[in-house]
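Take a look at the structures below.
The two complexes that follow have subunit A in common; it is paired with subunit B in the first and with subunit C in the second.
Here is the complex of A and B:
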């Protein structure tokens, strides 16, 4: 039975399911590092997923879809930035409003563009980068099956997410931009006094997080499913927020935490396969990823310290 | 907070709310039609046959689920065409919307309200006695003590799923039938939520498969909701990975994700509720058949009974194979692929169910 649970596909599935979480979580990290809370990731993902499908339909090219998904996510983020930086609104309220707006807006536009609610027609999708099919017997065949499933069976955005995590980690700790970003979130006044524009820095961070949220949406709609469904993000934006915290506000950590959540989800699917052997109701398995989220956030992994100035509007004194 | 911001926020939230409501309140073909208009003016409709106004509250899957919400609406449309009834659909985005949606329709003067889905059972039981002058039809709802103005409309999905199980159970053995059929004697089931109406599909499908292929392994997985296509796709992928070559999904809109998985990895699919060959674009290459549930008929018959004054409340009515309330869709592109052995076995099983020689169990106790 263990042989059937621990398969190459378990890990491939974990990576697939981690990708939208990771992209959104890294977006959350960059946003919160600048001192702006972003609970609107869910909405930015949703709008990105929708814009991607619509653009892919109009242009017949999934990559143009991805571009529009990123732009749409960034645009939603701009609203959040305007409300929480320029107008100094409560960032949680603004984020909630954007989530509601995203749900309504995508549903409404779907009626306008497609003339019916629910789900859109299938569009051009992004396909796996390498299209080998693992074959071969014996030990090396087995190894090749594992290596192929885990490393080479994925769609482009899955690889992009890994690159973004690495680049983000490097940028946050090794570049001037990263240093300034962290300063904005820890002590904006200090940053201001040495001549860093708090407004500009925060704006760019929020917009980047929206772009990443949009990319996460594109992964869901243009890679995994190939169409858009109302509320297709299904709470992933909030899990991403938890992954960001679990990852201690670092891009690498966010990716790792997302991978753990993705793995929990992949594992619960595999465990469900053996419901007749392990006689536990299916609801128990479905609960696993969420229980993990709660346990993680309750502090099993140690205290996570948020950027000191996060959530506080900055007023130039 | 400064006033400039407060104004902005109010504007912003109002916009968000309007955008949400615009979706929530729109019916398929008459989006500008406001509930309140109909309530106050009681317009004369084109056909003078009836002044009944009928409405429905969707489950969280909403309209466009290509499944039972859409089918209920199709039943209303049928009533509109044939009986001249005015119709309306309100969508529920979450479970918390059930009550306010019913209240809204009740206060707007609707004569018949259909509440769609098992999950609305308690809400319907609560609301029916509050509005005794309105007829309530509960799709997929078994009410322990239905009020005199309430009718539970249930389906023996397990009977049709049994036939689908016969198809799948024989197909998975027949490697000559299609090159996507593998050597493993395994078939799969993807359910939305683990609730009685979905359980009926799982149980019927499993019993049917085992009746013709006792050694077959039927693996059943649950998504946890009816909307998450990406998750339903992952479930189907893991089933295919496990060796399943025929998959039946009863997961509403989420099930469309399972179709994608079958197309990607080469497996056959059995649809649910509607004939999904017709409702899901480009699914013909994997769509073996569908387990059809004639929700539209149940809705239409109920409205008709109300219009004709023959409606009897306080009942739970079951629609099965005998009543033509459930059935198996045509094989469409697989018409020439499915061997006579399968079609004959399906006909035999149908005859046995109709004659009472087989009674298909509806819960897991029957497995």
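Here is the complex of A and C:
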């Protein structure tokens, strides 16, 4: 039976499930590195997922859907930035408002556009980038099946997420942009003193995080499912925040932590196929990613150090 | 001396005016923005809001329905407000509510046959305890390792919901096709208001409404006059200073989040005992999350929670009529909720607008 569970597609599925978490987690990393808490990733993903499906329907092109998803996520983030940077509102409260707004707005527009609640009509999905199907026998055939599933069976945003993680890691530590971003989150006053605009820097970080959240939403709706269902993010924005913490506020770490959560999700989906053999109710499998999140937070938080100025509004002295 | 007294009185009035005024203006602005959204979506805002008003306050029965919807929101609003006072954001009131409901649905059957007052008392206390227990692990993680309660209580909400989903489809499922628990016997339910007082004879409002108001006063008293409440407020205001003056921040954090959980648990208990008489998967329409808006609108004042809950209860009970008569999707009330949270949270907004116009005026002059 273990042979039926540990298959190439389990790992491929883990990478797929990790993608929305990783994109949102990297968004969280960039946002928190600039000193702004973003618990609104959940809402930004949800709005992105919805905008993507609607735009894909109107224009008949999934890529335009992706573009609108990214824009919608960035727009929600702009509201968060305005509230928490310009108005110096409580960032967690502003994030909560965004999450509720996202739930209400997508539900409301769904009924206005589609005339019913629940799930939208299916739209064109983004298809896997490489369409070769693995064949061949024997040892090499087996190897090729593993390699194909894990590396070549994915849709475009899955690869984009990996590139973004690598580019993000490089940018955060090797570029002036990254240095400035880290300064904003650690010691905004010092950054201000040497002529870095705290407001502008934080605005751009929040908007980038929203764009990544929107892209994560597009992955959910336009790649994984092909339609939008109300509240389809299902807490992923919060799991992504945990992944960001577990990844110690680095893009690479966020991606790695998301792989862990993605694997948990892939495993629970796989195990549900064996309901006849494993007589554990499906609800316990569905709990797995959430339980894992709590366990991970309990285990690592004490040793992971958040950016010093995160959550504190900056007032020019 | 008299002048000083008068000045202090004046200051108090100014604070009170601000505490009532800002929420009031926020609600008005939120309704104005929502009207624009309704209009852009191609509906008639006037028809929408008059249908909403009719649905919320149009008759005795409708007023009762508003009270019915306000009841769980008072409990969850108090829960979130108590947490905020101690510097904790209990975003997972929904999960604690589910666990409180679970306790009531289970005990209500087990206790069948006992006298009603005893039954009701046991169920309320047990439901509160289970709600507190569901907040305990996040509380402990917050106090001991600093795990943010926003993530942990949210995760516990999902875990609790799946637990309830399993129990109502499996071990606690009643006979029949529908996944729900058995109907509670009469002695395990809360009487309706019209059975005790003689008003709104055909409304579904139940005694939970009165219990919630009494509890709001109790919570207000705890915060204002007890050591427990003082410590919670001190830690919420400044944890470092509190620790230095001998208050244990971690103990206070655990206590405060558990009390918050207990209050949220009661929302689930009274929904099961007063409204549905049983537990099922969808028995809460996000009361735990709306509780956040209630607490913020009330500026975390327990007495304010009563009024804020009635407002959101009215939006909820009126939204059905709005959908029916003006075709406006009832999801609109979530948008209004979010707008109110924004506007209350961003008190600076008014100052910012004033500052801008002033700047503009001086620059152009």
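Definition applied: the second predicted complex is superposed on the first by the 300 of 317 C-alpha atoms of A that agree within 3 Å, B and C clash if a C-alpha of one lies under 4 Å from a C-alpha of the other, contacts with A are read in each partner's own complex, and residues count from 1 in each chain.
Please note the rule applied: a residue touches a chain if its C-beta (ideal position, glycine included) is under 8 Å from a C-beta of that chain, and two chains touch if they have at least 3 such contacts.
Please read all numbers here as calculations on a predicted model, not as lab measurements.
After superposition on subunit A, the partners subunit B and subunit C collide with one another. Of the two partner chains placed by superposition, only subunit B is touched by A:275; subunit C is not.
Touch criterion not met for A:47: it reaches neither subunit B nor subunit C. In the superposition on chain A, A:87 makes contact with both subunit B and subunit C.
Contacts of A:122 after superposition on the shared chain: subunit B is touched, whereas subunit C is not.
Look at A:284: by the touch rule set out above, it reaches subunit C but stays clear of subunit B.
In the superposition on chain A, contact of A:157 is made with neither subunit B nor subunit C. When the two structures are aligned on the shared chain, A:104 is found in touch with subunit B and with subunit C. After overlaying the two complexes on the shared chain, residue contacts for A:69 are found with neither subunit B nor subunit C. The superposed model built on chain A shows that, among 75-83, 93-101 or 309-317, the segment of subunit B colliding with subunit C is 93-101.
The contact surfaces that subunit B and subunit C form on subunit A in the two complexes overlap at residues 83, 87-90, 93-94, 97-98, 100-101, 103-105, 107-108, 110-111, 117, 234, 281, 283, 286. Every residue of subunit A that touches subunit B in the complex is listed here, in rising order: 4, 7, 9, 13, 16-17, 20, 83, 87-90, 93-94, 97-98, 100-101, 103-105, 107-108, 110-111, 116-119, 121-122, 220, 224-227, 229-232, 234, 265-266, 269-270, 272-273, 275, 281-283, 286.
Every residue of subunit C that touches subunit A in the complex is listed here, in rising order: 37, 41-42, 89, 91, 137-138, 141, 144-148, 150-152, 154-156, 158-159, 162-163, 165-166, 169-170, 289, 292-293, 296, 329, 331-339, 341-342, 345-349, 352. Those residues of subunit B lying in contact with subunit A across their complex are 1-2, 4-5, 8-9, 12-13, 15-23, 26, 28, 31, 61-66, 70, 91, 93, 191, 194, 219-222, 224-225, 227-231, 233-235, 237-239, 241-242, 253, 256-257, 260, 281-282. Every residue of subunit A that touches subunit C in the complex is listed here, in rising order: 39, 79, 83, 86-90, 92-94, 96-98, 100-101, 103-105, 107-112, 117, 234-235, 238-239, 241-242, 245, 281, 283-284, 286-287, 290-291, 293-294, 297-298, 301-302.
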